[in-house]
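Each of the next two complexes has subunit A plus one other chain: subunit B in the first, subunit C in the second.
Let's turn to the complex of A and B:
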C-alpha cells in the first residue's frame, strides 16, 4: 500500500527522557516491598516519603534536560494528593482495614507514584504505542485507587463505573490507533505524517485521508474521556463523588494533566494546517468549538444545583476543562503553554479545595456543602484561605484564576481573527464564567453567612492541610497580582 | 488465494460495533466486561491485518504486531482489576447487575 514508510522510521527515545519515571517506579516498588516486609514502620510514614519523593521529582523534571510543564504539573498534583492521604489516614484506615489498624493501606500511598510515572512517559511520547502503554499505566492504577475503599459501597461503585467507561475509551483509542497505522503506515505523531496522509498517502487516494480522519477522531474521543470533555464526561461526577478523596484529588489534577498532555500530542501535528480555507482545519476547529461549548455548558450549569462538595468540584473540573479546550480552538496558537498555565492555576486551587473538603469530612463527618457552615466564625484564617482557592476557581480578579481565564478569552478573540464565525462561543463562555461565581460562592456563603451550630467545635487544622492551603493561597494571589504590578511599573 | 484486507477490516468493524453496543446495552457487568474485551480484540484483528497489508515482500511491518502484544498484556491486567472490583461489588450489593449501582447520582 505504501512504499515510503521507511522514511518515517520509528520514534527514537533516550533513557534520559524517562529517568524521572524510573525514579518514581523505583520508589513505588521500594515502598511496596517495605510495606510487605517492614511491619514496624507505621503506614502513614509511606505517604510522607511518597509525597516528598513526588515533589522532589517535580523539581528534577523542572530542572532537567527534558523539562516539560505537564510533567512538573503531574508530579506536583501527585505529591499533593499523597500529602492529602497523609491527613486522611483516619478515614483510610476505617475504610480499608475496617477499624483503626492500618493493615493494607500501604499500597494506597505508593500506587499514585506509578500512575505519575505513566504520566511522565506520556508527556515524552511521540508515537501511539508509547501513548497507549503510558496511558494505560495511568488508567489501570486509577481504577485500583478509585475502588480502594472496598468496604465503602460508593468507592466500589465509582471503581466499576470508572473501569467500564475507561476501558471503553481504551477500546476506542486502540481501534483509532489501528486505523492510524493502517492509513499512515506508522505510529509516529508528526506533522509530516499527518500532511502526507491527508494528501492521500503514497497511493494518493481520498479514502485514505477519510480513514485517517476517522482514526484521529477516535483518538480524540479517548483524549476527551481523560480530560472530561463532553460528551465523554459522564463518569466524572459519579467517580469524583464516590472515590476516596485523595484519589479524587489525583484524578482531578494529575490525571487531567495526562489528558491534556495527550490532547496536545494529538493536536500538535495539525498546527501547520491551521490556515483559513483548509477544510481539515475548519472541520477540526468547528469540532473543538462545539466540544468546548458543550463541556462549558454541562460543567457549569450542572454544578449549579449540587449540594455535595466533591460532586460540585467534579462538575467544576468539567467546566474548567471547557475553558482549557478553548486554547485548542485557537489551533495556530501556543496551546501547550497556555493549557499548562491554566492547569497550574486549576491544580493549585483544586488541590486546596480538596484539602478543605477532606478536613471537613474528617472532623464533621460530611462532604455536603452545608458542613462548611460557620467556618468564618470558628476558623477565620482557614476560612480565608479556602475562600482564596474557591475565588481563584471562580476567576475573581487579583487571583491566578482570573488571569488564566482571561487568557482563555484572549485565545478565542485571537482565533476569531481568522475564523470570525467562532463568535457564538463568546456568549457561552461569558455565561459559564458567570455561573461559576454562583456555585463556587455557595461554599464561601456557607462559611460566612451560615451560623455554626451549637455543638460545632472549631476545626483543628492538620499540619499538611494548613501548609498546603497557605502555600496555594499565597501562590494564587502572587500569580494573580504580579502581572498587574508589572504592568504598572 | 488470499483473503483481501477489506474482509478483515469489515469483520473487525462488526466485532467492534457489537462490543460497543454490548457495553452500552447489557446490564450484567460480567457481560459488559466480555464486550469490552471484544472491542480490544477487534482492534487487534485490524492491527494484524494492517501490519500484513503494509508489509512488502511478505514481511509484515512489526510495529503493529508489537502494539497488539501490548494490548493483550494490558487487557489481561484490566480484567484482573475488573474481576477484583466485581467481587467487591458483589460482596457489597449481592448482585452483578449494573442497575444496582445507584448510590451515586444527581
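Let's turn to the complex of A and C:
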C-alpha cells in the first residue's frame, strides 16, 4: 500500500532554512547568465562578485535564525577559494582558453557557489533524502571544477579520478540509504529511530538490528570518503595535486566541511548510546578509533617524503582529518562543536597555505617546495605570514592550530575515562603530531634556510593574497593566544 | 570593564611592540613615539593606582584549562603595594630610558623601530613578572624578559661580540631557569597551588629538607636572572648592548627581578618556609657575589664594565638581605639602587656619546669642565652608590647592614668591606674620567649632551638624592607598610662612615687628583687576574664547555652512534621508509586499484561495525 512520501521522511523543513542556499544559487545563476550575455565585463569581475557574495552569505548564516558553524565554514571556504581564483586568473586563462583571453572562465568562478549552496542544505538536513540530494549538488559541481582546466592533463586526470571514485562513494551512500529505509522504515536521522531499530524495530527481530548496522556502516563509508579518512583517502593526493589550485582549495576546505557536517548528522543519533557496555557504542568507537589511527598514520607519514607543495597539503588534509576524527571517538562529547572549531583553524591555515602556493606557482612557475626558496630574504613579511599558517597547521603553541590539536588530545583523554582501551591511540597521535612538525617545517626551512637564486626576484604579492594571508595569520595568532575561558574572580 | 584597567600594563606595551615591529619598521619616529606614549601611559596609570585609584579586582583568565583546577594555567594580576610600587620603578625608569634613548640612538645606523619594539616588549615582560599572581605566569614573564634582553643586547648584532654576548646571556640564564622550573614544580607539590595568595598554608607536615631543596631551586632562577655567582658571567658581557638598555634592563629592573621574586615568595609563603640552610646558601651566594664583583671592578677600564660589576656587587647586597630574611631592606635597596644605578648608566651613556663612543676611562679626563651638568648628575649617582650619608643609597645600605649586625656579624663585616671597595673603585672612576686633562681626541671635543639626555639625568639625580628619605620612601618603596629608617647614630653608622673614608682616602692616594696617565696598580699578577675576571669565564670556556662537554660528548656520541642512530633512528627510518614505499605503492595512480582499495576499506568497516 502506497503511503505519502512525507510520512517516510517526516522531517519538516521551512523555507527560511534554505534561504542562504537560495541566495547563493540565485547569485550563481545570475553570474552565469551575465557571463553568457554580457561580453564587455571582464570575467575576473565575476570572481570578485562571487567571492564577496559567498562571504556575505557567511555573515548571514552566522547571524541568521538557522545559524550553524559548518554553514559558516562552508561559505568562508568557498569565498576564499573564489578569491584565490581571482589572483589565479593568469593560469586560469592559460589553462582554459589556451591563451590570455578569458573566454570560458566565468563559470569557473560561479560554480563553487552552487556547491556551497549544496553544503548549506546538507548542514540543515535531517533525513537521508535531503542528505543525498544536497551531497549530489556538491559533488557533481566539484567534478566539473576538478576537471575544468581542460588543457591541463593533470586537471583532466584529476577530474576523471574524482568522478569515478566519487560516483562509487555516492553509490555506497544510496545503497546505505536503501538499507536504512528497509530496516527502519524511515529516512529520518534521529536517535529514537536508531534506538528503536537497534532493538529490532517493529518486528523485534535481531536481524533487523544487524541490517541497520550494515546500513550505518555504508553511510559512514560515504562520509569517510568525503572527509578523506583512510582507507577512503586514496583519491585525495592525486586529485588535490592535479585539480586547479582554487578547486583544490575548495575541496580541501569547503568540501571537507561538507563531509564533517554529514558525519555529524550521521553520528549524532548514536550519542545517547555512548555508554560503556552497550555493544553498539563499543563497536562504533572501535571503528572510529581504527579509522582515525589509520588516517593519522597515512596522512602524516605519507606527507613526510613529498616534495610537491600541493600534494603535501593533500596529505596534510588527510592527517588533519585524522585529528578531527578523534573528536568522534569521544562519542558522548560535543563533537559537532569541536570538529567545527578544528575545521576553522584548519580552514584558515590551509586556505592561506594554498594562497601562498598559488602565488609562488604564478610567479616562479613551480609548485615544488623548493620554489619557496629564500622567501625569508626576498619577501620577509610574506614569509612570516606563511610561516604563521604552516606553524598553525603543525600545531605550534600560541597559534590556533595548537589549541585545537590540544582539544583533540583532551577529547581522547576524556574518551579514555570510559574506554580505557583507547590508550593505544595516544602514541599514534603523538607520533603524528611530531611528524607534522617535520613536513610543515620543510616549507619554512625552504623559506629561511635556503638562499634565493641569483635570478629570483622578490615576489609581487597580489592584493587578495596579501589581504587573506594577513587576516588569516592575525586570526590564527589571536585565536591561539586569547584566553579561552574567562572566569570572573 | 574598569576593573580590567590593570591589564593595560601588559596589553599596551605588547600591542605597541607588535605595531612597531609589523607596521612601523620603516618609520622609526612613529615607532619611538608609540613606545614612549605607551611607557608614559603605563607610568601615569601606575601613579593613579598609587594615588588611590580603586577599580576593584581584575579578572583572572584561565589560559590553558586542564581537568584539575590546580594545574590550570591562570593569568591574573596582583595589585598589592609590593607590586604597584615596583611597577612605579619599572615604568618610571622605563619612561626616562625611553626618552633618553632618542638622544642616545640619534644617528645610529641600526633599525630604531626594532630597538623601540624591543624596549616595549621588555616593558611587557617585566610588568608580567611584577604583576603575576602565580609562579607559572612569573615564569612566562621570566622567559620573556630573557628573550627581550637577548634582542636588546644583540641589537647591534652585526658586531660579533654583541651577538656572542646576547647568546651568552640567554644560555647562562637557561641554567638558572632549569632550577627555577624544578622549584616551581616542587612548589606545586608542596603547596598544591602556584597562586601566591593561596600559598599561606602548607599542606600537612613537609620535610624541612624538601623545603630547603625547593627554596634553593627557586633561588636558582634568581641566581640566573640577578646574575649571582656562579652564573654572573653574562652580565658584564651584556654591556655590549646600547647603554640605555644596560640602564633599564641590566641595572635597574630585570636583574632585580630575582630579588623581587624571592621577596614575593617570602611574603606569600611566609618566612618560616625559608629554612636555615636555605637562608645560609642564599646569604653566602650574595656575599660571594658582592665581594668578588667589587674586587674585579677595581681593575676594569671600561666605564660600563665598572658599573656592571658594581651592579653585581649591589645585587649581592640585596640577595644577602633576602637570605637574612630582611625582605624590606632588600626591596629598599632595590628601589634606591634602581634610581641611582639607572642614573649612573645613563650618565655613562651621555659621556660615551659625547666622547664619540669612547668607553675607556683612561682615554677620558677633564670631562668636568666640558660637560659639567652630566658630570654633576653622575656624581650624585656616585655619592648614592658609595653611601655618602644623606644620599639615598646610604639609608638602604644601612638597612641591610643593620639586618646583619646582630645575628650574622660575619656578613656585617663583609658588607662593610664591600662598601669600602665600592667607594674605592667609584672614586677611581670619577678621578680618572673627570679630572685632569683629556687623554684622547674624543674627550677633547666632548660637549654637553642634548635635552632628551640631560632631562632624564636630572630627574634621576633628584631621585638619587631624595628617594631615601621618609617623605618619598614611605610611599614608594615596594614593601607593605614601609617606614624609612632615617639617621640613627650607632655602630653601623660609624662603621660605614669609616668604610667610606677609607675607600676615599685610598683612591685619592693611589690615583691622585687626575694627574695619572695609567693605572699604577696594573701590571702585577693580581691585577692581571682581576682584569681577566679571576679567570672564571675562561674556566667555564675551557673546563665546563671544553672539557666536560667534550668528555660528555664522547660518551653521548657513543650512545648516539650505537643505540640511537643505529637502532632507533635507522630502525625507525627503515620502518617509516617501508611504510612510505607501501603507501606509494598504494598510491600508484591506477584508478582501478584505488576503487579496489576503497572497496576493501568498505568491507573492513562493515566487518568492524556490523559484525
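Keep this in mind: the second predicted complex is superposed on the first by the 474 of 489 C-alpha atoms of A that agree within 3 Å, B and C clash if a C-alpha of one lies under 4 Å from a C-alpha of the other, contacts with A are read in each partner's own complex, and residues count from 1 in each chain.
Keep this in mind: a contact is a pair of C-beta atoms (placed from the backbone, for glycine too) under 8 Å apart; a residue touches a chain by one contact, two chains touch by 3 or more.
Bear in mind the structure is a predicted one, so any value in this text is a computation, not a measurement.
Of the two partner chains, both subunit B and subunit C are touched by A:164. In the overlay built on the shared chain, the residue A:284 is in contact with subunit C alone; subunit B does not reach it. Looking at the shared chain after the overlay, A:270 reaches neither subunit B nor subunit C. Of the two partner chains placed by superposition, only subunit B is touched by A:144; subunit C is not. After overlaying the two complexes on the shared chain, residue contacts for A:338 are found with neither subunit B nor subunit C. After overlaying the two complexes on the shared chain, residue contacts for A:372 are found with neither subunit B nor subunit C. When both complexes are overlaid on chain A, the residue A:346 reaches neither subunit B nor subunit C. Of the two partner chains, subunit B and subunit C are each touched by A:238.
Comparing the two complexes, residues 160-161, 164, 168, 172, 237-238, 302, 305 of subunit A contact subunit B in one case and subunit C in the other. Across the complex, subunit A is touched by residues 22, 57-65, 67, 75-76, 576, 579-580, 583, 586-587, 589, 591, 594-595, 597-598, 600-602, 604-606, 608-610 of subunit C.
Remark: subunit B residues 9, 12, 16, 19-20, 23, 29, 32-33, 36, 39-40, 42-44, 46-47, 49-51, 53-54, 56, 61, 63-64, 66-67, 70-71, 74, 77-78, 81-82, 84-86, 88-89, 91-93, 98, 101, 103-106 touch subunit A in the complex. Those residues of subunit A lying in contact with subunit B across their complex are 1-3, 5, 10, 128-129, 132-133, 136, 140, 143-144, 147, 150, 153-154, 156-161, 163-164, 167-168, 170-172, 174-175, 177-179, 181-182, 185-187, 237-238, 241-242, 302, 305-306. Subunit A makes touch with subunit C in their complex at residues 160-161, 164-165, 168-169, 172, 210, 213-214, 216-218, 220-221, 224-225, 230-232, 234-235, 237-238, 283-284, 286-287, 290-291, 297-298, 301-302, 304-305, 381, 406, 413, 483-489.
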